[in-house]
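There are two complexes below, and they share chain A, which is joined by chain B in the first and by chain C in the second.
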Partner chain A sequence: MLTFTLRRLALFLFTMMVLTLLSFSLSFLFPGDTVINHSGQINATATDLAKLNEAYQMDKNIFRQYSAYLQHIINGDFGQSMASQSPISNEIIELLPATIELSLVALLIAMLVGIPLGFIAAINHNKTSDNAILSFAMIGYSIPVFWLGLLAILLFSIGLGWLPSSGKISLLFEIEFVTGIQFIDILLSDSPYKWQAFNNASAHIILPACVIALAPATIFIRLSRAAMIEVLATSYIRAARAKGLNFRQIIFRHAIRNALIQIIRHVGLQFANLVTLAMVTEVIFSWPGIGRWLIESISQRDYTAIQSGLLALSCFIFIVHILTDFIYAALNPLARGNNHGS
Partner chain B sequence: MAVSMMNFKFIHFLTVAALISSIMGCNEGDISSLSERSIIYCSEGSPETFNPQLSTSGTTSDASAKQLYNSLIVYKGNKNTLAPSLASSWHVTRDGKKITFYLRQDVNFHQTSYFTPTRKLNADDVLFSFNRILDKDHAFHQISGGQYSFFQSVKFSELVEKIEKINDFTIRFILKRNDSSFLANLATDYAVILSEEYGQQLTTQDKQHEIDILPIGTGPFKLQDYRVGSLIRFYRHDEYWQEKAKIEQLVYDISPNKSNRLTKLLAKECDVSSYPIAHTTIAERSDLTLESITSLNVGYFGFNTQKAPFDNKLVRQAISLAINKQALIDTIYQGQAARAKSILPETSWAYDSETPELGYDPVRAKSLLEVAGYAQGFTMDIWAMPVQRAYNPSAVTMAKLIQADLKKIGVKVKIITYEWSTFLRRLSMGEHQSFLLGWTADHPDPDNFFTPMLSCTSREKGSNRTFWCNKEYDELLKKALTTTNMSKRKGYYAQAMTIINEEMPLLAIAHSKRFQARGTDVKGDILENFGGISFYDVYKSNNVSNTNKVMAPNKKAKVID
Partner chain C sequence: MNLLDIRNLSIALDTPTGRVLAVDRVSLSIKEGEFRGLVGESGSGKSLLAQAIIGVLQDKWHVDADRFHWRGIDLLRLTIDERRALLCRDIAMIFQEPMSCLDPTTLIGEQLSETIDTSQLSGYFWQRRKQRKEAVIKLLHKVGIKKHSQCINSYPHQLTEAICQRVMIAIALAGRPILLIADEPTAAMESTNQGQIFRLLANLNQLKNMSILLISHDLENLTHWTSTITVMYSGQFVEAGSTEKIFNKPMHPYTRALVDSSTKANLQLPTKSRLMTLPGSIPILQHLPIGCRLGPRCPRAQQKCVSAPKVSNFHGHKVSCHYPLLRDPGKKEAVKHKTGKGIN
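Coming up: the complex of A and B.
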């Protein structure tokens, strides 16, 4: 387990190196002055500029410049946004939790819907219900997320008026920012309208989370179906059947457990996919998360925000990846022997 | 046994039902009362400051002027007459050079987390507010950039000699000359009264720049929270000097994307939406109302009167007669603009419904051209502005329509357009023959149309791009400014408009409207006659059975269908 951990850490460090190198080089590739792209201080006076050049060691060779840049990143100084002139680290701390919240809820929905459906399909292998679930998965996977988002708004917000179409919560509720995760903040707040706020926030998250969840859910269907079919064909299931265990016992005690382990490995991979979908969905549903912020930064040519935002987001996805690897390793002792990154 | 079983089940069912209904009912009640006491307004952008003195941007004054502040006097009613506000009365000396204001003595400033007032409004606050603009050495003059665009455009500092404090509740403005638009300027959204005590507090704390970011005023609402690009939250000012506002909370949901605003409006996430799109959809819905108000602007087609052939009055008249104005309004403004008779919109008090209009008459146009000696027609250019403005949403398309109209009388048109700043620069150098442009008034005084657009003085400074100069016209404007008699002034302006329509330095095309959409449960006037908005009178009523559409705020505004 120790070698496993160390290897993952090494992988993390090297990937981060490559990522920072990439974001460092972006400053040179973007139009404008490199040091201004690093720091985002577009209104810097001559003395400010001199100070910045000193801080980023712009007069030294490129390696010193890179290490100075790295120093800033490690100290949590991502520069400031060219558009709003506020520190990017603050903006990320405010916005990233909203994206995490949305992605987690979407992941939960995707797993709760996708995995059982996949199991049902596998158990009824090659029957009508299997085919029906598979074709649903195919259709669901083929629908573009932005189109689905707009359709959902048109139907559920405008047409039926059931669910709100934008934001995290109605602006009438004042919830103090503590963790950034809306539901936790609501429970921590002492607003007299706490439960109404909670209901309202739940209503706000349903549509975007379901839209994001659709594509990963279909992948979970196919993954869990394949895993289940594989498990059901193994000799220990046959042995269990021969021992006279009934269908329920076989599925719930043996098959599901073993199939789930296979799926958990893929949750991390799906999370990256999910965050990408979330970025598009955030724009459609005006969700105040990092994806919308990043896309706005692109349209405003806020180079500092683009490079730092990308760095923060990819770092976050990578951490999730490693975490799921650990969970997988903890659940499946066989994987711990696997020393190389998967 | 069976009976008791039944009973038990029944009671069980009843309790559950009662519980559910009580929970639901309670929830519903609380939510609806919170939203009933609040208004969410989908606004089109983030204000740059909360001090309307500093900016002429509509977004800024919408978010600040009528919500956070009061001015000394205001415009009231359909006739747009001046009425008291923070000044309970005022007196103008006979020569019009001394204006004395008597202040109300019961006016409270906002109490917020960042400021607690210890005294009521007095003359010091008025002095502070205006000296900040006038006195270049004032401690707050340079805070937030020192640009007071509106006051600079009306040459306020050249007009006011000094402001005197007579006593705690009396203040006197001494002017260098008589100017009848002075009171009008004080009644605009820009002439707000700030708190001098707050200014002092900020000075001692060395946080002067906060005066325009964390505002303190006397208005019906006070600022609670502002997040750039996201929301502005106002609370009701409970110690307001008039009856307090009917809603407790006012939230501006900043949504720059117009289809986003429409979605939020349709999904009931906002109660009122600024500048809505899809007017027909909104008008068709029984739960929404579309309102409009003709704002003080004019889109026009101007001629360079210094250049042949437009130095000839007959040619200008002929071209004007050949243009089908109604077709332009229907196509370019999609019927959502008022047809302009002259440069003054009908919302202005000086508007004279008797103003003659040239009309559309291509036959007469042709004969006028013959008289002028252009029987064979000629070739001209039209400069079309490259940007979209309320007064002209698409100048290039308009130029094409004019091109088609003029072809019928044998005049060939070349359409020219440049990038916006180049366009304006070349225009001011007089390189053009004719041009499509517009004018938006800064305040309701009619002089704001006549002088900057067409007077001889503005010709020299370049805002009169027709380069037209008429002594008689200028004389009338001067007379109008030196009298305070409204009906006399109206007469002078009517004469001036007759001269314009005779001389035709420009052809006024349309006065575009400002639109707003709201749910039918939102009652009370929001759109003000002079562009701005005010949520002071707004309230919500859940009386759904009352399906009568809320009629627009006054006679001039109409519900579009």
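Coming up: the complex of A and C.
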């Protein structure tokens, strides 16, 4: 298990290296002066520029420049936003947790809905319920997320008035910023209206999370259906039947775990897709997350923000990827002893 | 009394070109305490027959039989669930490739303990856990695994093929079965391990009076262990009788060819001459010959063989052939009289 952890850590470090290399090279590729792209100080005076050139070692060779850039990033200095002239690291710390919260809730909904539906479809293979679930998956996968978001607002917020259409929480509640993840902050706060705030925040998150979750849920339906059909055809399931176990015992003790192993590997992959969907949805539901911020930065040509936002977001996706790898290893005894990198 | 009595069991598969009989009217009976072998080439429907008996065939196979009795109970009258409940209690099965028949993500101990029925345990529910563990250890000892704690805490991929097969046997024994069906239990195993597994099965048969149906393609090896043998060819019943009779005085041309093709029979052959074999190979499922399926390969085939022969009984030695090999001229007449069939 230790080697497994070390291997994942090494993978993480090297991937981060490549990612920083990419964002470093972006500064050269974006229009404008490289050092200004690095730091985001568009209104710098001549003395400031000299200082920045010194700090980013722009007069040295490219390797020294890269290591200077790395040093800045490790110290948490992403430069400042070209548009607002405030430090990007502060903005990321404020906005990234909201995206994490939204995408994790969406992932949870997608898994909780998609995987059991897929299992039910596989158990009733080639029957009406299987076909119904598959057609639902097909339709759900084909609906574009921005259209679905607008429809959801139209129906549930405007038409029925059940759920709020924008924001994280009603402005009436004042929640102190601790972790940035709304639910944890609410639980940590000592406001007398804690539970009202909690309900309000849940009402706010349901609609965007469901909109994001639909497409990944349909993918999980197909994945889990295929995995379950495969597992049910294996000889150990036949042997379990010959042992005299009943159907429920076979499904719950043997089939589900083996099918989950095959699905868990794909969860990490699907997560990147899900974050992309979350970025679009954040714009529609004006969710104060990093996705909306990033899209705004793109339209404002805020190169420093684009660079650092990409770095932060991909780092987050990669961490989730590694976490799913660990869950996979915990579920699958065959993966733990595996010495080949995968 | 017969433990298991099957008459004319057929297994069919629907294909785009119509229904194909993979197993064609095979009869099989097993007495209490019998060690019966079931021999046939690969593709002759032995495994299908075994899986049909225990009821774990996939849905695409259609099984029907004229008679299917288990200890005097007519199973054809029971519903599928009742039948499975009855059979799973009394019959256990071990498969070829034991490694793939154990759940790769569950510990051996768990897989063993879930087969132990609660009715076998006495005492209150807080004692059950301990009792279950003791029962598991006892089972492992029974199949000759001494390092029980190590075995309980390992996953199937951490054990060798032979140990896995022992675990499978232990799982099969957990239900205290009356009949154990072993479907090529030693396929892809080294010969020393093969011997161990067969000895274990023979011990169970002799000491516990457990009936065993051993499926194999190796007639010569089977003769060391079994008391009676049934031979199948391409889904048809060929011959059944005591091991000694089958091996020494086979009546069916196919059994004759099987015995002749064994290494022991070929010892006297001069060097660099061809070994004795039947010409041709087993027909594929899509192109089965009509009548006796051995027909095109049979050295004794005549025109009559295009219709399937009836089973004739020679003092408990059953053979399904129009022209059985008979050595004793005195018997010939009796048979002719009894079955009313032409004998050459």
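The working rule: the second predicted complex is superposed on the first by the 334 of 342 C-alpha atoms of A that agree within 3 Å, B and C clash if a C-alpha of one lies under 4 Å from a C-alpha of the other, contacts with A are read in each partner's own complex, and residues count from 1 in each chain.
We take it that a contact is a pair of C-beta atoms (placed from the backbone, for glycine too) under 8 Å apart; a residue touches a chain by one contact, two chains touch by 3 or more.
Note that the structure is predicted; figures quoted are calculated from it, not measured.
When the two structures are overlaid on chain A, which partner does A:Ile261 contact: first (chain B), second (chain C), both, or neither?
In the superposed model, A:Ile261 contacts chain C only, not chain B.
Figure out whether A:Arg248 sits in contact with chain B (first) or chain C (second), or with both, or with neither.
After superposition on chain A, A:Arg248 lies in contact with neither partner.
Just checking: does A:Thr234 make contact with chain B only, chain C only, both, or neither of them? Give me first, second, both or neither.
second
Between chain B and chain C, whom does A:Asn332 touch in the aligned arrangement: first, second, both, or neither?
Touch partner of A:Asn332: chain C, not chain B.
Indicate the residue numbers of chain A shared between its chain B interface and its chain C interface, in ascending order.
none
Considering the complex alone, what residue numbers of chain C touch chain A?
51, 54, 56, 58, 85, 88-89, 92-93, 95, 97, 100-106, 114-115, 155, 157, 168, 171-172, 174-175
Which of the residues in chain B come into contact with chain A in the complex?
It comes out as residues 27, 30-31, 34-35, 38, 40, 225, 228-231, 233, 249, 251, 253, 255, 260, 263-264, 266-269.
For chain A, which residues count as touching chain C in their complex?
233-236, 238-245, 249, 253-254, 257-258, 261, 331-334
List the residues on chain A that touch chain B in their complex, please.
84, 153, 157-158, 161, 164-167, 170-172, 174, 193, 195-196, 199-200, 286, 288
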